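Next up: some structures, all given as structure tokens.
In what follows, chain A forms one complex with chain B and a second complex with chain C.
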Partner chain A sequence: MSDFVRFLIAGISLGSVYSLVCLGFVVIYRATGVVNFAQGGLVVLGAFMTHQLAVVNGIPFAVAVPLAMLIMAGVGLLLERVVFRPMVGQPVFAMILLTLGVVFVLEQVCAFFWGYDVVLVGDPWGVATVDLLGTMVNVSDLWTIGATGAALAAFFALFRFTTLGIAMRAGAADPEAALAHGISPQAIHGLSWAIAGAVATVAGVFLAAGPKGVDLGLGLVAFRAFPAMILGGLDSAEGAVAGGLLIGLVEVLTAAYLVPAMPSLGANFHVVMPYVVMIGILVVRPHGLFGTIEVRRA
Partner chain B sequence: MPSSHAASASRAADPAPLLSLRNLEVVYSDVILVLRGVSLDVGRDRIVALLGANGAGKTSVLRAITGLLPLHRGRITKGQVTLDGTSIADADAPSIVRRGLAQVMEGRRIFTDLTVEENLRAGGFACRNRAALATGLERAYALFPQLTDRRKQLAGYLSGGEQQMVAIARALMSSPRLLLLDEPSLGLAPKIVAQIRDLIVRINAEGTAVLLVEQNAAMALSIAHTGYVLEHGKVVRDGPAAELAADKDVQEFYLGGGTGNGRRNYRDVKTYRRRKRWSA
Partner chain C sequence: MSPLLRNTRITTEYGHDLVLWRSRLAQFGALMVLVAFAAAPFAVGNYWTTVLIYAGIAAVGTLGLNLLTGFTGQASLGHAFFFGVGAYAAVVLSGRFALPFPLWLIGAAALGGVIGGLVGPFALRLRGNYLVIVSLGLVFVGQHVFEHWGTVTGGLTGTAVRAPVALGPVDASALALPWITLSRNQGYYYFVWLVVLVLALAARNIIRTRPGRALQAIRDRDLAAEVIGVSLVQYKVGAFVVSSAYAACAGAMYASYARYVSPLDFTLFLSIQYVAMMVVGGIGSVMGSILGALFLTALPRLIESASASLPFVAAQGGGGGITVFSLNQALFGILIIVFLLVEPRGMVEIYRRIKRYFQAWPFSY
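The block that comes next holds the complex of A and B.
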């Protein structure tokens, strides 16, 4: 039982990070229709940025993270302005390929500044554990759940209650009608990229928190979060959260229970499991748990 | 055309119309000529009707005014659009909204998965501060009392008439000096159309000029001060609304009245219509 609680916490922790990565995907997808494969690059860059501020420059961790989020929001804005705005009106497919190009550019930028080694993000938790319901739980896992929860809550509050958030949803629903009321699509796109940059930073920091650290491989998380996004539905923020949590749990519980029970699956089957879920979902419910069903006449 | 002369005279009498189009030419995709020299004026505190069949270019006129042409790969190749004396032909849509122009688009185009109140707040995006937004909401609910109970409901679940009200209320949120309405009667029951008509009169009485694009010419001419008839991207008739309503051609083609003298060959009308479609 105590093991189960430990796995549960670890799964929710991993899942909440996936949720944040997915949220970055969803924000940009809803605003621009582009599946942004560069999200993983933003996650890595955000984590390295935090490393730079907290470890290299010695800024306190609690200040370094918001600062890194701010910088990464700026990076998001810059990407939209320089790379994606000139592409408006071009086929969405071209933009999606462009995001793949951006991943490689971001990767090289990281390699140039911070090299290929694993570095720490300067979080204060390390390998510390705490007793929870009679089981030892990583402190960093609890912080991950708390902080990503707060980030998600802030995001949903922004989306639901502020004029800016309403404008973003209006712009995603009907760009022309929104424009007719003074909501500029460029502003919405820029804002979406800024938000994607900021949430990617939080995701990156907590992926690298504790003993794990950050290296270039961290960007692969975007591809591991991809099944979560398909599961939740590409265009649903709620789906991103639900999908992220489910996939996180599936991954951890597979590693904990299924792999030991069926060794023939292979030691790393937990990495495969999210894709198995994704394929299953695509067959049964292609629009995901929360996504919009696309109605199209033949 | 005697009526045209009369209109020219009245146009000269209005020294500074709020909105003025001069010789407007609009081309889509660099090749499709849609407006071929349209001139029209909307005076302060006036209701102006713009009539025409499908494809005559009415919506293009509105797009040219509101800066939405680039979205449809269209552009103004000739002529002028001035709002209160300043040219807005090259301005982008958000800045045109901030200058006091608002639009109710054809087919309502409300944000269906937003609540009524969120729709209104989106319409008030150009409001400079919270106070302006709050007054805007207050005024909207005063003008459309039945929306008050529905403020938290998703706009997509409202009836067609209520959705049209949301669309109008949303456009009014930015406190426009000039409201453009594109086919507000489209697809609505006669009773609702009458309601919408009364609303337009009321909005106008409260100090907003209105440019009303309509296929329902009877409704439009019943409340407009002046009117223009657009065909093949050209203004073919214009003048005071009463004069237009009395015009034989307008009666025949837009008000559904026959001339009454003898049998009409239905094919004439058909050809006439078909020709207009092609020109779109």
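The block that comes next holds the complex of A and C.
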């Protein structure tokens, strides 16, 4: 039983990080209608940036993370301005190919500055565990869940209660009507990318937190947030959270129970389980659990 | 102006848009290119012949991707998976069932097409964004299967391939002409580029006839296409099947030439390479697929040979240096970005602009 609780917490922790990655996707999808494959690259870059500030430059971790978020928001803004704004109005598949190009460049930018080895992000938790109701739980997992919760709350508050958030929702819902009310679509797009960059940093830090560390493979982990997003629905923030948690749990529980029970599936089956779930979901409910059913008009 | 050089861009009837060759000059040009290609393996040496063989294989895969993305407007990352299916089909059909040459190649392409047909319908219920994500999942799931289905794929360590290209007395690995016996490289070169030629002509013929017009109508506005009587399911799945078969054919040729395949040959990066080749060569152009494949297969080799004199390339990453492999990955990304932003129609459009300049010379338009 205590094993199960341990897996449950590990799963929720992993799932929260997926939710964070998904939030980055959702922000950009809602503003621009494009699935941003570069989000994985932003996650890796954000984690390395934190490593640079906290470990190499010796800035305290609690200061380094917000600083890295700020820098990554700048990177997001820059990407939007230089790469994506000239492409507004182009076919969707061209935009997707563009984000794919960006992710490959971002990854190698990381390789250029930080190399190929696993490095730590300088978090204070390390391998410490704490006794929670008779179960040994990683401290970093608890922090991950807590910080993700806080980030999600801030996200929802921003979109529900601030003028800025409402402007962003308006811009996404009907760009022309929003424009008529004095909301600049450029500003909305730029802001979306900045938020995506900042959220990616948090996701990257917690993916790398504890003993795991960050290397270039982190981008592949971020790719596994795609199934979570499909599960939740591309345009739904609530769905991103639910989908992320579900996929995180599925992945951890598959590794813990299904793979030992059915060794013929192969040792790393939990790594592809999210994709299997995703393909199943797409057959039954293409718009996901919370997404809007796509209506096409001429 | 001589009739040979006559500007034939002005078309007066619909038939002119459908012809395979726009002018005598185009025919002559094609002949010259053929001659150059036939002479190439004797001119460039053994190493670059190998590069050209891989370029030919990549050209087939890129043609397949271009049929799906460039002509039907469905972006897909699944080509690494279908490439792998073709490669392992060649392993099994030729190695285990001992099928002779044309049969294992055709069988591999057919298997790729069938699996594409199975995946296609529900992948194509989804448009744009969704299809890319599903095909991404396909690559990862495929990777897992390739790694763990040891009896077929040899697992992580890979498997040796015995798929000879030999039909009766004609053997590509020791092609005997009356006056000379070709090396294995030279023989494979002719085989691969013959396949490229056949499949490029097939692609050209698909797109200049009814199915091709249907595909392009779907690409430009799928709802309008449906309204004028184009069956979306039929043509989208059809494009997916043909595209997968092209990729599988490329994979089978790769396995046959390399004689050894492992799951590491079929990663997401392969799909990205095809995307880059298509974007750089020309989205929605048969010629562009081949140009892009040639350029982007040769580019990493050029960088490799120049890497000793590039200051920022290091054996180890970190501290301001990256490996040649990383540099290549970054370059593919950069090329995708730059071409999409600056020349979205690719190298083919650059070539056309140069051609137009000389056709209109000395006038500027």
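We take it that the second predicted complex is superposed on the first by the 296 of 298 C-alpha atoms of A that agree within 3 Å, B and C clash if a C-alpha of one lies under 4 Å from a C-alpha of the other, contacts with A are read in each partner's own complex, and residues count from 1 in each chain.
The rule is short, and it goes like this: contacts are C-beta pairs under 8 Å (C-beta built on N, C-alpha and C of every residue); 3 or more make two chains touch, one makes a residue touch a chain.
Since this is a predicted model, take the numbers as computed values, not measurements.
Partners chain B and chain C, once the complexes are superposed on chain A, both fit on it without clashing. With both structures placed on the common chain, the touch criterion links A:Gly58 to neither chain B nor chain C. Contacts of A:Glu176 after superposition on the shared chain: chain B is touched, whereas chain C is not.
Using the contact criterion defined above for the overlaid structures, shared-chain residue A:Ile279 touches chain C, although it does not reach chain B. By the document's definition of touching, of the two partners only chain C reaches A:Phe223; chain B does not.
In the superposition on chain A, A:Ile96 makes contact with chain C only, while chain B stays out of contact range.
After the chain A superposition, the centres of chain B and chain C are separated by 90° when viewed from the C-alpha centre of chain A, nearest 10.
By the document's definition of touching, of the two partners only chain B reaches A:Ser184; chain C does not.
When the two complexes are overlaid on their common chain A, residue A:Pro260 makes contact with neither chain B nor chain C.
In the superposition on chain A, A:Tyr116 makes contact with chain C only, not with chain B. Of the two partners chain B and chain C, more chain A residues are in touch with C.
Taking the two complexes aligned on chain A, the least Cα distance separating chain B from chain C is 18 Å. Overlap of the chain B and chain C contact sets on chain A: empty, with no shared residue.
Only residues 66, 68, 71, 92-94, 97-98, 102-103, 105, 109-114, 118-119, 121-126, 133, 170-171, 173-174 of chain B touch chain A when the two sit together in their complex.
Residues 69, 73-75, 77, 122, 125-126, 128-130, 132-134, 136-138, 140-141, 143-144, 147-148, 223-224, 227, 272, 275-276, 279, 283, 312, 316-323, 326-327, 329-330, 332-337, 340-341, 344 of chain C are the ones touching chain A in the complex.
By the touch criterion stated above, chain A contacts chain B in their complex at residues 163, 166-167, 169-170, 173-184.
Across the interface of their complex, chain C is touched by residues 29, 34-35, 37, 83, 86-87, 90-94, 96-98, 100-105, 107-109, 111-117, 223, 226-227, 229-230, 234, 265-269, 271-272, 275-276, 278-279, 282-283, 286, 296, 298 of chain A.
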